[in-house]
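You will see two complexes here that share chain A, one where it goes with chain B and one where it goes with chain C.
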Partner chain A sequence: MATVRYHGRLAELTGCREESLDGANVSKVLDQIKKRHGAEAGKLAKRSHILVDKRSAGAEKGFRTPVGVDSTVEFIPVCGGG
Partner chain B sequence: MDLERYRRQVVIPEIGEEGQHKLAASSVLVVGAGGLGGPLLYALAGAGVGRLVVVDGDTVSLSNLNRQFLFEQDDLGRPKAEVAARRLSAFNPEITVEGIPLQLEEQNAAELLAGCQLAVAAVDNLPARLALNAACAGRNIPLINGGVEGWYGSVQAVEFGKTPCLACCYAGTDPEVGGQALGAVTGTVASLMASVAIQMLLGHNPIPGELLLYDGKRMALEKVPVERSPGCPVCGKG
Partner chain C sequence: MILPVYAQVDLTNGRWRKCTISAKLFEQYLGGKALGARLLTDLTPAGLDPLSPEAMLIVNTGPMNDTGAPSSSRFNMTFKNVLTGGIASSNCGGPFGMLLKKAGFDGLILCGKAPELSMVVVEDGKIRIEPCPQLQGLDTERTQEELPERYGKLVIGPAGENGVRFACAASGERVAGRCGAGAVMGSKNLKAVIAFGTREVVKADPEGFEAHTRKWVKLLKKHPMTGDSLPRYGSAGLVSKANASGVLPTRNFTRGRYEHYEDVSGETLADTKLTRNSGCVSCPIRCERRVKVKGKDVKGPEYETLGLFGPNVENNNLDLINELNYQCDLLGMDTISLAGTIAFAMELQEKGMGDFGLKPDQPDDLLRVVEDVAYRRGPAGELAVGSKVLSEKYGGADFAIHSKGLELASYEPRRSVGMGLGYATANRGGCHLNGGYLALLESVGVISMDAQTPKGKPELTVFFQNGMEAASAAGFCLFTMQAMIPGILFHFGPASFACRAAGTGLLAARPVLGQIWKFMPWAMPINCMLVPHSKSIALATGLPMTIGKFFTVGERSYNVERLYNLREGLTAADDALPGRLTKTPQDLDRPDTVVPLDQMLPVYYKVRGWDANGVPTAKRLKHLGIPLPKEG
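After this line comes the complex of A and B, so read on.
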């Protein structure tokens, strides 16, 4: 199972900062988050800056970025305002 | 340069008189003079950074005044870049501040960067961040990026060829969705950005290959390691 880490409001919504989840890619991990923590958490996770093994999923294969059993997936709040 | 102005920081071992002269000889482009840019600019001006180029195409509006401490009620409707330059010049008359009332775009980014050793993205839109990122990459000028959303903020220091750039990190994200901004949070994140900027001007990147995350609700700072994307169209290895 992959290690999933939450930051910011997503950590509040999920009630944890880290957990282990199944999922062969980012999309599958997002499905697990929605199933376990509800629609709001799922929606926020999808809008997050997602890192898979330290690389931005958006710059790899997006939601199809592979996630291995030893992977670490980070969900970081997107901070674009100034 | 009157060193008395900087007496309390020259005694910091990492700065000293040599570092102070280095700051005085530095030029920094700051894009955005708002909630992040304002406190950051005050910190850089106070520290004695010799030349500040402030680029912002907006005018001051009432909803800015909860967090944009460079501006006052009487500034409503005035160009932010011009007000910022005037106020910062009055704050530290020893430095040069150029206010440029333009939006940074792909077409003008290179020209605005002329003569600068460091750039700072304190702007509120992704296209400007990415345009600045590309222009800095082309000239190998380090870039500090900061952003906020509600209680949360992030800071990143880009050294092209060594650390991930903004195109590596922002691909596929939509950062301009919320618009939540509180002065207490923007001020904190701006101060973190300024601390990184001063250290980088002195030759040290304190957060290489890391995203510095600020959580103003939990009062916590975290560093999250991040790597370059091999397929990045701006800094990719391939």
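After this line comes the complex of A and C, so read on.
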């Protein structure tokens, strides 16, 4: 099972900072989050920066980015600033 | 049309006179940094020492200050840059600008040197200079407490009085941080400028303006960036993504990731230290963090301070960063330049190239170091000159992290190469905002863009540099520009096809973005809610402003600033970054993790309409209505 780490509001919504989830790719992991923590958590996770083993899913294959059993998937809120 | 009224004040003899900005200059430059650059160029000769009595300090507003438009309380300070020798503009969201306008002036042009420590008092269309020896040595907070309550205040702390080259000026808890504005005030024996008045801004179309403002505020509040993430996390929220993207400067920019980043992240700040969020006058975004320092409710650190007083000096103590941030504000110093200089000095010391009495293994000692710098005492007092001058004395130019002399902000550009180009070309030196802030597109924002490719980056850099320059000239906060990114992308998420396509599409648009400036302002003869700034300006001032004209103000300003730099002896060779960032890959397994400046600069110059030496061509200057510089 992959290690999934939540940051910011998603950690509040899921009630944990880290957990183990199944899923062969990002999309499957998102399904698991929605199933376990509800639609709002699922929606917020989808809108986050998603990192698989420290690489941005946006720069890889998006929601189809593969997730291995030893992978770490992180969900970081999108922020702005300067 | 009501034209801006300025006052020219000679601090040496206390004389002052009113002057009105011409309609042509107003339309071409609006105000703020753009008009400041034009006036500084016209009113001062080349080659002045920035800290000499003859040097000039322009403190001005933009046409939108005090109109009630969203996020429009920013005022500006323009002067010869103490750290670079080129142009300096430093922007602040404190209440002084609004009160200056209420006092009857859109700007002050200050020159000379007061015979003793003094303050300029601006009140209902009149100006006087008063000695204030009782304020000597007071910090920025105490100084403001000692001054009459109802006035808008712009003050310096001990660092400005002591000539620290990156000293800042403060208004309320906000600072005009960069380039040494506080040192310039100190060199003129100017402890404070205070303003009070009751003048109301007269708008050209009050009803239209109110309706447009309501619509714009609604848009900002609804937008995921300005209505949710910035109020929730402030700019501090960038720490985690910056770390993930490899752009969080660590150990004097040797790395872009910090193992203890979570200890200093915006989420941790929000969870454990935040008391509430706050904001500038007239701002619906409210990105300011409030934290407790020794039981006192104070302004919290921005992302820049978190990054540079955190990972960049390998400090993961968030309480300590909050305290350092507050201490710098009290003493009156720019946290970016100071923290950057400390990181450089730590490396010099570690390599045995100098001894500044620093104790990198004892982060708490940073509080003592900061104080020593402000009072220029002991070995650490030498840091008050900044990284560039320090490297000229002790060596280490390859790892003195500055551009033109101004220390870089908290984005490690080897993993965001467009940001690297922005740092190198920013007129005031290593600034992320003046540089176009491409990190938002490449590495920390919602759009998924290839951060390593040099292709398309020059075109995007020019576009965003010009846009932000114009927003600043009008008096708007640059965060309002972030709402230009379509809100729908946030709903899809950065991993979505839409966000990835947006990144690819922006890079693919480079042929259009590269040519568009030749056809401005006619290429965009409209107003729309994608860039609400231009219509807001038109309704408030009566100027025939369009999006095209708005961006052209920015382009014009960028060129005038560039001409000022060239006049003061800066050249294309100064559009540079330290060797660490251009020669040494951040990731040794990936040779492309350097900033390929040599590939991007020629394209950047071409897009700007400059020659191969980075000099604006007569053709482009004529197009922009800028007078050709005098020969010699």
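What we mean here is this: the second predicted complex is superposed on the first by the 80 of 82 C-alpha atoms of A that agree within 3 Å, B and C clash if a C-alpha of one lies under 4 Å from a C-alpha of the other, contacts with A are read in each partner's own complex, and residues count from 1 in each chain.
Assume a residue touches a chain if its C-beta (ideal position, glycine included) is under 8 Å from a C-beta of that chain, and two chains touch if they have at least 3 such contacts.
Computed from a predicted structure; not experimentally measured.
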item	value
Touched partner set for A:14, first chain B, second chain C, both or neither	neither
First (chain B), second (chain C), both or neither touched by A:49	both
First, second, both or neither for A:26, with chain B first and chain C second	second
Which superposed partner A:58 touches (first chain B, second chain C, both, neither)	both
Touching partner for A:81 - first (chain B), second (chain C), both, neither	both
Chain B and chain C footprints on chain A, overlapping residues	7-9, 47, 49, 51, 54, 56-59, 62, 74, 76-82
Of all residues in chain A, those that touch chain B in their complex	7-9, 12, 47, 49, 51, 54-60, 62, 74, 76-82
Interface residues, chain A side, partner chain C - complex	7-9, 11, 26, 46-51, 54, 56-59, 62-63, 65, 74, 76-82
Contacting residues of chain B [partner chain A, same complex]	32, 34-37, 122-126, 129, 146-154, 164, 167-181, 186, 189, 211, 213, 215, 217, 222, 224-229, 231-232
Chain A-touching residues of chain C, taken from the complex the two chains share	224-226, 229-230, 232-238, 240-241, 244-245, 257, 265-267, 270, 287, 302-303, 432-433, 437, 440, 444-446, 448, 450-451, 478-479, 482, 490-497, 499-500, 503
